[in-house]
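Order of writing sets the chain letters: A, B, C and D. Residues in each chain are counted from 1.
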Amino acid sequence: MKNKETKPHWKDKLHEIIYEADTPTGKVFDIVLLIAIIFSIVLVMLESVKSFDIKYHSFLNISEWIITILFTIEYVLRIITVKKPWRYITSFYGVVDLLSTIPKYLSIIFAGTQGLIALRALRLLRVFRILKLARYLGASQHLANALKASRAKISVFLFAVLIACVIFGTIMYLVEGEENGFTNIPKSVYWCIVTLTTVGFGDIAPVTALGQFIAAIIMILGYGIIAVPTGIVSAEYATASKDPNKPPPIDLNSQSCSNCNAKRHKDSAQYCYRCGESLHL
Amino acid sequence: MKNKETKPHWKDKLHEIIYEADTPTGKVFDIVLLIAIIFSIVLVMLESVKSFDIKYHSFLNISEWIITILFTIEYVLRIITVKKPWRYITSFYGVVDLLSTIPKYLSIIFAGTQGLIALRALRLLRVFRILKLARYLGASQHLANALKASRAKISVFLFAVLIACVIFGTIMYLVEGEENGFTNIPKSVYWCIVTLTTVGFGDIAPVTALGQFIAAIIMILGYGIIAVPTGIVSAEYATASKDPNKPPPIDLNSQSCSNCNAKRHKDSAQYCYRCGESLHL
Amino acid sequence: MKNKETKPHWKDKLHEIIYEADTPTGKVFDIVLLIAIIFSIVLVMLESVKSFDIKYHSFLNISEWIITILFTIEYVLRIITVKKPWRYITSFYGVVDLLSTIPKYLSIIFAGTQGLIALRALRLLRVFRILKLARYLGASQHLANALKASRAKISVFLFAVLIACVIFGTIMYLVEGEENGFTNIPKSVYWCIVTLTTVGFGDIAPVTALGQFIAAIIMILGYGIIAVPTGIVSAEYATASKDPNKPPPIDLNSQSCSNCNAKRHKDSAQYCYRCGESLHL
Amino acid sequence: MKNKETKPHWKDKLHEIIYEADTPTGKVFDIVLLIAIIFSIVLVMLESVKSFDIKYHSFLNISEWIITILFTIEYVLRIITVKKPWRYITSFYGVVDLLSTIPKYLSIIFAGTQGLIALRALRLLRVFRILKLARYLGASQHLANALKASRAKISVFLFAVLIACVIFGTIMYLVEGEENGFTNIPKSVYWCIVTLTTVGFGDIAPVTALGQFIAAIIMILGYGIIAVPTGIVSAEYATASKDPNKPPPIDLNSQSCSNCNAKRHKDSAQYCYRCGESLHL
């Protein structure tokens, strides 16, 4: 695998900076990116506030262009420094990184059609940049395991809750009727979900005595069954954290292979566990 | 029991397709049925949306007839292929399957009286078809055990909550009075349930300072005691999942006896554990 | 203690019927009492519904008198059959039983002053009859232990929540001000409790951007800290149910001593553990 | 360290009374302070209720002055009796104690500018006196440990919830639009947090069918994921309470060193663990 080291040194250096957080420069890069993402999300949000947009329109526009160009450079560098670019481009983060840049460019192409609603939606795609933050959610492996273990059971539970909502919603539609806001079954089911999950907007509320009685039953039911998913997760989590047969957690570092982009290498790893590429060049 | 094998082969074949999900044809049947159920529920819901019903009335009517005939065929086949039909007809799913078909037929008989409210209710009975989905909720035996173990304690708890609601409701009726929406005790108790379960519609809300003070106490109480059912379920669930005296879970398959319709046979079972009928004919 | 057996036999018999649920007659007495209590609560509730009260006033009045006389007889019998009546009269249930009867009698004495609000409140005292039901809440000893063990911690927790509510309430009063419904600090604190406990009536809601931002922080805080009491109770409950040093639960029966009214005797007990009175006469 | 005992005896005596709760006088001091704090908080609250402030303005003013002078004396005594006053002044409670006194004094200085909003805010700073109560929250060390252990995981979880809220909020802004109350993205995100945390004010509620459908998804998601922090805390709490490797809890007393103000000395401690000062002079 040593012969692969003949590739230009600056590529390896850049790969280490962009994809890894072990070196000081890598850390700086990560923090700059983090600030840029949060700043860009705040920009998208402020742009939607009309009074603000009118006042600071040119400031928002220029800042947006700076962010877009920054993200474009980042995207291009990520493609260049990885040895198998296609794997990165088609990965989840590859798509997210691309979507973070194109909406602004498209806004020039369709500049004449600014009024289109579809374009507004397109521009708002930029909010998905927040998914770039998911990279920093980090190694809560333990929690993820507990959720994965209880996923099937929580699905079954939510499915049962939905069945109950359809039945109770239909009953409430019959009992309350259209004159009290329960105009059709889908709306009644929506109300039932609002009530069972203890959200309780109050935009629709039962008026008749019988309707309020049934609502009380739904609420107490919702209060009682909220215990179920909690019980599942907390038991699974407890089991996951004291299973004696489980191997001790391996210290995984933030390196990623410059060849195949694989992550979660052991701290002591010298070569990529997937493609055999040397990790420390 | 071998002499029972002389019954026509097609009945056994059909039984396997309808009642079991082990064979490919059985799986296809299940998926088709699942789609038909969900489609029929969506139909019932859309029918209640007036603007949609006016536009696509004939489409809804024809689709509904197709679904009804499909469910009728399924119901008849289930009766024919089971050796003890009466046991199936009087079972929970037998009743649900029957109720899934008759409302549409009754709508012809009472065609002249279309305006009757009772009939509208009857037509909506079709929503209970969703209970046919319960068949697919599957083997969450573990969860059911935890719920069964904590059922008694949760009942006692909910009973205590109800007592508290009646007392607090009466106090609020006295404090707030009819001019602030607390028109009578049942309504006050309803409000108290809405508050204690943290639903909080806001259709009725305390206005006087004393009323808001008592409401604050009710809310903090509700916030504190929601911990109780959760604690019970999660402890019972944890106990159920690590009891060392518990026998290891037996792999149960989805077969059901063609004679007595018993379910939950062991994977290695050759004969029905209830009536001794051969399972693999 | 044998010399105490010379007291009239009918008193012992009655004591067994009224205070214990082991004999068939005792069970019948309990069920009749249970129905009478629930019926009387429903009466009090219906009386507050004006339209119902006008229609069925005499029915409500007569039923109420029957219930009151029944409860009076029960109260007198309980005093007669207990050997130490004063201990019963001053006990929690003694007071509840007395309060279940007197409001109706007082309504004759103050008959001329029917219009007094105080009297209405007095009549509603009858709703506390529901506390008579607490007798039937039964032996959820296990749950009570878990609650007792976590009581101190939950108090500390609720105290901390209250401190947070006072501070956040004051901040919201400053930020939103009187024009947006936050008319004074107590009301702001009330709103903060409504929000933190996730009840959310919506009678008061932040209008300014800054107010909504702070509200969002309060909500996420409330969402995060609801985990704390739940975690405490469920851990204490789990500990309580598998402590190996704990003696095995003793089968307690529903007998009560005819001399001192002590309860929770062991099934095999021959004499009262408190006063030595023979239990089976 | 014995030579330090030459400092005047009354200082040590006062230190014991003010900083410790082991002696009867220390306990009396604590209770008096506790009452004064709660009384002063009630005063601040009542002052904000206009109708009350007009009626009892001079009473409120005089009481406030008494409380302020009391707290000033307490603050001065605390500085005098501690050997390293600077450490106390810059500590959390030192700042809180100072903030409890100054707002009232500042109100004289700026007496002519009574109408200033900033001053009203300043006067309300007095509400932070409630933080003086935190001293009495006491030794819930066990609970604090469980929270500390799960802090990182709950942060990651809340961060993920925030990301979801931003995305769902933007989608709702597009779907519902400005005419239905979702006037801009920050407001939509606020609504999303209100919904996901099951608070549900109802000041903004989806009107379109698609909006209500997405809202239903958000609610069921919120209902499902509330299980996560609860599961974490309760598992960590359970682990913390039965870890066999953990040393048995040391009985910590309420003494504090008169030299460096260090707390949490062992009951058997003779000298301060931080500076070696003798504890019992």
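Simple rule for what comes next: a residue touches a chain if its C-beta (ideal position, glycine included) is under 8 Å from a C-beta of that chain, and two chains touch if they have at least 3 such contacts.
This structure is a prediction, so every number in the text was calculated from the model and none was measured.
S.K.: By the contact definition above, name the pair with the higher C-beta contact count: C-D or B-D.
M.R.: Spelling it out, more C-beta pairs touch across C-D than across the other pair.
S.K.: Would you identify the chain whose Cα-based centre sits farthest away from the centre of chain A?
M.R.: Measuring from the centre of chain A, the most distant chain centre belongs to C.
S.K.: Over half shared or under half: which fits the residue numbers at the contact of copies chain A and chain D, same or different?
M.R.: different
S.K.: Measuring from the mean C-alpha position of chain C to the mean C-alpha position of chain D, what distance in angstrom results?
M.R.: 33
S.K.: Give, as an integer number of Å, the spacing between the C-alpha centres of chain D and chain B.
M.R.: Those two chain centres are 46 Å apart.
S.K.: Scan chain D for residues touching two or more other chains and write them down.
M.R.: 186, 189, 198-202, 226, 230-232, 234-235, 238, in rising order.
S.K.: Help me check something: in the complex, which residues belonging to chain C touch chain A?
M.R.: It comes out as residues 198-202, 230-231, 234.
S.K.: Of all residues in chain B, which touch chain A in the complex?
M.R.: So the residues of chain B touching chain A come out as 41, 44-46, 48-50, 120-121, 124, 127-128, 130-131, 133-134, 137-138, 140, 142-143, 146-147, 154, 158, 161-162, 186-187, 189-190, 193-194, 196-203, 226, 229-230, 232-238, 241-242.
S.K.: Residue numbers of chain A touching chain B in their complex, please.
M.R.: Result: residues 153, 156-157, 159-160, 163, 166-167, 170, 173-174, 183-186, 189, 195, 198-202, 205, 209, 212-213, 215-216, 219-220, 222-224, 226-228, 230-232, 234-235, 238-239 of chain A touch chain B.
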